[in-house]
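Right, I'll just put the structure down here and ask away after.
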Amino acid sequence: MTRRICVVVTARPSYSRIRTALVALRDRADADLQVVVAASALLDRYGTAVRYIEDDGFEVAARVQMVLEGGHPAAMAKTTGIGLLELASVFDHLRPDVVVTIADRFETMATAVAAAYMNIPLAHIQGGEVTGSIDEKVRHAVTKLSDLHLVSSQSAAARLRCMGEREASIFVTGCPSIDLAAEVAASPALDFDPFERYGGVGAGHSWEMSSEYLVVMQHPVTTEYEQARAHVTATLQAVDQLGMPTLWFWPNVDAGSDATSGGIRAYREQHRPEQIHFFKNMAPLDFLRLLANARCLVGNSSVGIRECSYLGVPAVNIGTRQSGRDRGENVRDVDYDCEQIAIAVQERMSVGRYPRSTLYGDGRAGTRIGSVLVGAPLSIEKRLCY
Amino acid sequence: MTRRICVVVTARPSYSRIRTALVALRDRADADLQVVVAASALLDRYGTAVRYIEDDGFEVAARVQMVLEGGHPAAMAKTTGIGLLELASVFDHLRPDVVVTIADRFETMATAVAAAYMNIPLAHIQGGEVTGSIDEKVRHAVTKLSDLHLVSSQSAAARLRCMGEREASIFVTGCPSIDLAAEVAASPALDFDPFERYGGVGAGHSWEMSSEYLVVMQHPVTTEYEQARAHVTATLQAVDQLGMPTLWFWPNVDAGSDATSGGIRAYREQHRPEQIHFFKNMAPLDFLRLLANARCLVGNSSVGIRECSYLGVPAVNIGTRQSGRDRGENVRDVDYDCEQIAIAVQERMSVGRYPRSTLYGDGRAGTRIGSVLVGAPLSIEKRLCY
Amino acid sequence: MTRRICVVVTARPSYSRIRTALVALRDRADADLQVVVAASALLDRYGTAVRYIEDDGFEVAARVQMVLEGGHPAAMAKTTGIGLLELASVFDHLRPDVVVTIADRFETMATAVAAAYMNIPLAHIQGGEVTGSIDEKVRHAVTKLSDLHLVSSQSAAARLRCMGEREASIFVTGCPSIDLAAEVAASPALDFDPFERYGGVGAGHSWEMSSEYLVVMQHPVTTEYEQARAHVTATLQAVDQLGMPTLWFWPNVDAGSDATSGGIRAYREQHRPEQIHFFKNMAPLDFLRLLANARCLVGNSSVGIRECSYLGVPAVNIGTRQSGRDRGENVRDVDYDCEQIAIAVQERMSVGRYPRSTLYGDGRAGTRIGSVLVGAPLSIEKRLCY
Amino acid sequence: MTRRICVVVTARPSYSRIRTALVALRDRADADLQVVVAASALLDRYGTAVRYIEDDGFEVAARVQMVLEGGHPAAMAKTTGIGLLELASVFDHLRPDVVVTIADRFETMATAVAAAYMNIPLAHIQGGEVTGSIDEKVRHAVTKLSDLHLVSSQSAAARLRCMGEREASIFVTGCPSIDLAAEVAASPALDFDPFERYGGVGAGHSWEMSSEYLVVMQHPVTTEYEQARAHVTATLQAVDQLGMPTLWFWPNVDAGSDATSGGIRAYREQHRPEQIHFFKNMAPLDFLRLLANARCLVGNSSVGIRECSYLGVPAVNIGTRQSGRDRGENVRDVDYDCEQIAIAVQERMSVGRYPRSTLYGDGRAGTRIGSVLVGAPLSIEKRLCY
């Protein structure tokens, strides 16, 4: 019998963290894959991830517009509320055998609650990790609503056991984002011109992609959203002052993202940084290829800790957003401070590449996740295991 | 400085589980109490708990209509979504220093998510317990969103520690519902006529309250909502066949509550049970006084396990709803089976009273909870403690 | 080219007012019919109209759960808000060429606004009539959002012209409810036992359907919802006192419907009326057949004014709900007064049958509506025609 | 007795159209003014009108976050749905005697439906006018939900009578936006530096405000939202080519506003127009003072037709957004065509000032509206007057 597996993708980075599993499921005769695209993954302001999903050949079973404007914390709660209303209708219509939710973004709570309340078994990708910010609360709350756990690492699995999850419900698969990194690592040459393919705004026509360059990704931290503008300004100053060609990616939609974007716009208007080019989004593989050839990643994206550790690319991680997350030796942590950031980037670049780490996966997560989702026994009854 | 403490009450039984804490908070000069009444606590169909709250002299700071009709699982998800939209506005308006959510009903997730996403410290009453049904998932997910835990028992506190909650965030206060039970236990005489004070429908005029009687409370189990009608019918048959005066309380609003209510209506229409009188709701103390004088509680309400264990009243607990919950010797568990239920009730009644158990509290929970809510340090940053 | 025509049915009576048009559309090769069932049409409490729709062989393209509990006016507004959220998603998914909304129930505003704001041409069935209650505001507001008007009568068409609607957008088709009445009028014999087929509660087994009987349908008036209970009680007393076999239908979901239902329940509990049997819903043709054989219709349903005028059945219309509506000679208006109601029923019954009136249609509305929906030019641009 | 009057302001331009009436109401002892600020009036992206409201000394009784991101038509429907959910709670809490809604923006339907369904008398400012776009449908639908009409002109009043509104419910007060224009016309000197006070981005430091300059305001047309980017580009080219100092205001939030904003951003990025400075918002009086001293207004804002006709400032009105609206001789209409726009601006400027027109008011609307809202009899019962 075919199992109907509904995967809800709510943001650009979440797609990278599930893509190879979606491919694996699409290729299996015993799986009927339903891809639901929701929230910022549908919005042009955040890079319209849905386009990459469709370009990769996935049929979109439903689209859920749910992002309330405002960029302050009440908007996050309301966005989740709208998502709950809508996803309940979607699940009622699609009648999946299992729903899959990815990682720890705030709006994934809508997916998790809707599935749990509708008596649909819930599978969670990337539980058991530790970070800062609201993500930490979301991740573990989703774990408690989930019936099946597909985790990136042994340490994540160990934490889930401690939290009282059943041994039989935990599967160490690795993270699908590492599958993509592995694909890129196999042939890392930069084979496209990002300016030509993705446009974006700002500098970039003056320098060749053969140059050495930085990549920056910095998101607001929802529990510190009032400082978001100051935080991004410190990074802008540091990077501007380093004077290297830089590819900068706009932030996720979150409380504070308006402040982060506003900070970037104000800085550009005032300082016209000559070496920084801004992109909204890229196809995951293109992005990783850029990363694989970068001198250093700067910001607070988990990419620095996950993909970069596999690729061996140095990463300067700023502030609290990733605090607590297991990390490889490629990462150096700094505060929201222009000086510290600039120094750390120079120090990291002086080292060059780091050895490969398989902390978050060995590159075969997608296939394993596909097997578990199709084959694991499904149940909605669970109870603390102590 | 006065601390603004916002307590969200969403249902009739939740009010009993917080009432003495509300009294304690109202009486403190260093607390500014904001009582929000939401969901079924506002609905006539479920006993309009809001009236008891106002009769007890509490000012209602906001009312949140959020219950979607339908009684099937999608309605539970949507009700929670509406609650999230509304409670975000309420918290934005009231600007509490801490939000308090009670126990494990499905719609409490709206309170918990709204507070967590709005960076308001969240206190959870009655985490760390173990039961069946969706309540189990809800309870532990709320724990993971909460910053402060006020639990009923040492075993609940131990479970929270295992789940990775910080020692300093856990307070064993006992359950406020036991405070009421203690008050009643101190002078248990039945000093009112329930028929006169609460009306209700069905039998009851033919027998005196001095008679021996049963009390029944049976809720649908959301994960088994398709059987809700059959389940309640088994209980109706058992009780009808026992032929004792019986006071029966209508179910909570939940997936399946329409089926439970429908089952009761159909049975009444067809069999006109002569000894069963049906009530919507009662003031908590009146209800406990009735209970204290009953021969046996029948059904699947947690009252059988909590208040009855303190009062020493026998309880026949039916089905899976309370499975896993720590219980005293007064409780006997049976299946959804007419025969088993009837036999168990007779067996329990043959014993009479049980000795007092303080498993869920010693009768001073309200004051303790008030002290913790006013005095404990508040923070929104947390992280797994392993 | 096939035109995608999306019809949104939100309540039991609305289905009767569109059924023959749905049949006509299903039978046309140039139409692709999308039936969306929403609001109380999905709820067991209000007769689950969706079952009749499916029994009639229509495929349901989407179901929209949207009814908020509470039965007070804020719940009507919120129900409409939920409907707007949900129907926008439904239309986005179904991509209809034209959306059809029926009559004037409050929640139809969700259909009308969603279609208008999404640039989908909107067709309105039964605009241009005049009544009391909130329906009056809803009906004309929907007219102003609509691009195509399919009306029951010449006087309705004249009113739309006065209101500034384009002549070319107005079509006098008659009301599809009269098509059903015509079908029944052609062979009116009562060929089924309503007690056996529909169950219901209350009296009825003691009398034969060959007896003379009354039919009662009384809804709360939303602008008078606080009196709903008193209003229904007056009718109950009048009917009880008449002592005739009576078939009574539960009210629509509206502000006040809980009060109306509560009034009925309380009266039954207290007075155990021996001659009144209560039904939730019936298949439209069965209902009309009952009506065609009734001595008199009592209440405030538009059925008394529309279907009964064609069938020649006497109707006693109570209160303000239908005030202003064009009516035939079969209707007598009375106040919410037990005495007046009883006298009026006796007076009407003394007359017997009335001559057929085609005020609301000649029995061929469905086919005409089908032709217009498929053939009329569609546009979303309109402007006052003065 | 004091009347509680609740005014819902949902956008920047709406505030200009009610401000003097709010002042009049605040100054009356017999009025208790409740100002609710909602939708884009709360959003930084659209100029945060709420700040001007607070700076003018009004207390904000409630804030309603309701704008769903996406800028496509489904988002307009959903935004309105969220508004309905929220405003119902706000009205339930504030218990106004009358609700006031302004003009014809799409989200005002939430205000109108919530008030009408909650049996609160509804007053509508600026009904009876004729334009293009979805505004036309919204305006007349709101009229049909309203109990009191406060209109700008005799021709608007005449149209309402034709539409069947009661004579006694229609009051010709003039438009409060003209009150502000009259205040500015009394002393029109430009007494502030807009760059210093409002910042904004783009050119402007090179030229003095004593120079001759243009003002541009162009909004997307919701029924043509797919062309929004092309439309704004034509205007940008025309204005850029005219080479005059230009003050350009960002668009309202509407379907298409992302495309309009995107078009502006892309043009700036590519062409770096040297003479155009972009503002988000201004205090109404500052804006009018700028306008009063401009050589010409360009775009499709109603300001060109209303305030400019009183001020005698030439206006070039582009496209269909204002088509149908009564206009003075100061307005010249052109198509979305770079050439036509540029020629029309030059032709208008060659004329200079136009004589004052009182088509939309004489400058005393605010006081009149205050008197009507406090003194007019209130009712929720209405019926077509034919």
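Chains here go by letter, A, B, C and D, matching the order in which they are written, and residues are numbered from 1 within each.
Here, contacts are C-beta pairs under 8 Å (C-beta built on N, C-alpha and C of every residue); 3 or more make two chains touch, one makes a residue touch a chain.
Note that this is a predicted model, so its numbers are computed, not measured.
Among the pairs B-D and A-B, the greater number of C-beta contacts is found at A-B.
Set against the Cα centre of subunit A, the chain with the most distant centre is C.
Centre-to-centre separation between subunit A and subunit B, using Cα means, comes to 40 Å. Computed from the mean C-alpha positions, the centre of subunit B lies at a distance of 51 Å from the centre of subunit D. Looking at subunit B, residues 65, 74, 78, 82, 85, 88-89, 92 sit in touch with two or more other chains.
Chain contact summary for the complex, subunit D toward subunit A: residues 42-45, 65-71, 74-75, 78, 82, 201, 253, 258, 262, 265, 269.
By the touch criterion stated above, subunit A contacts subunit C in their complex at residues 62-65, 82, 85-86, 88-89, 92-93.
Of all the residues in subunit C, the ones that touch subunit D in their complex are 73-74, 76-78, 80-85, 87-89, 91-92, 106, 109-110, 113-114, 116-119, 130, 132, 134, 136-137, 140-145, 158-159, 162-164, 222-223, 225, 255, 324, 380-384, 386.
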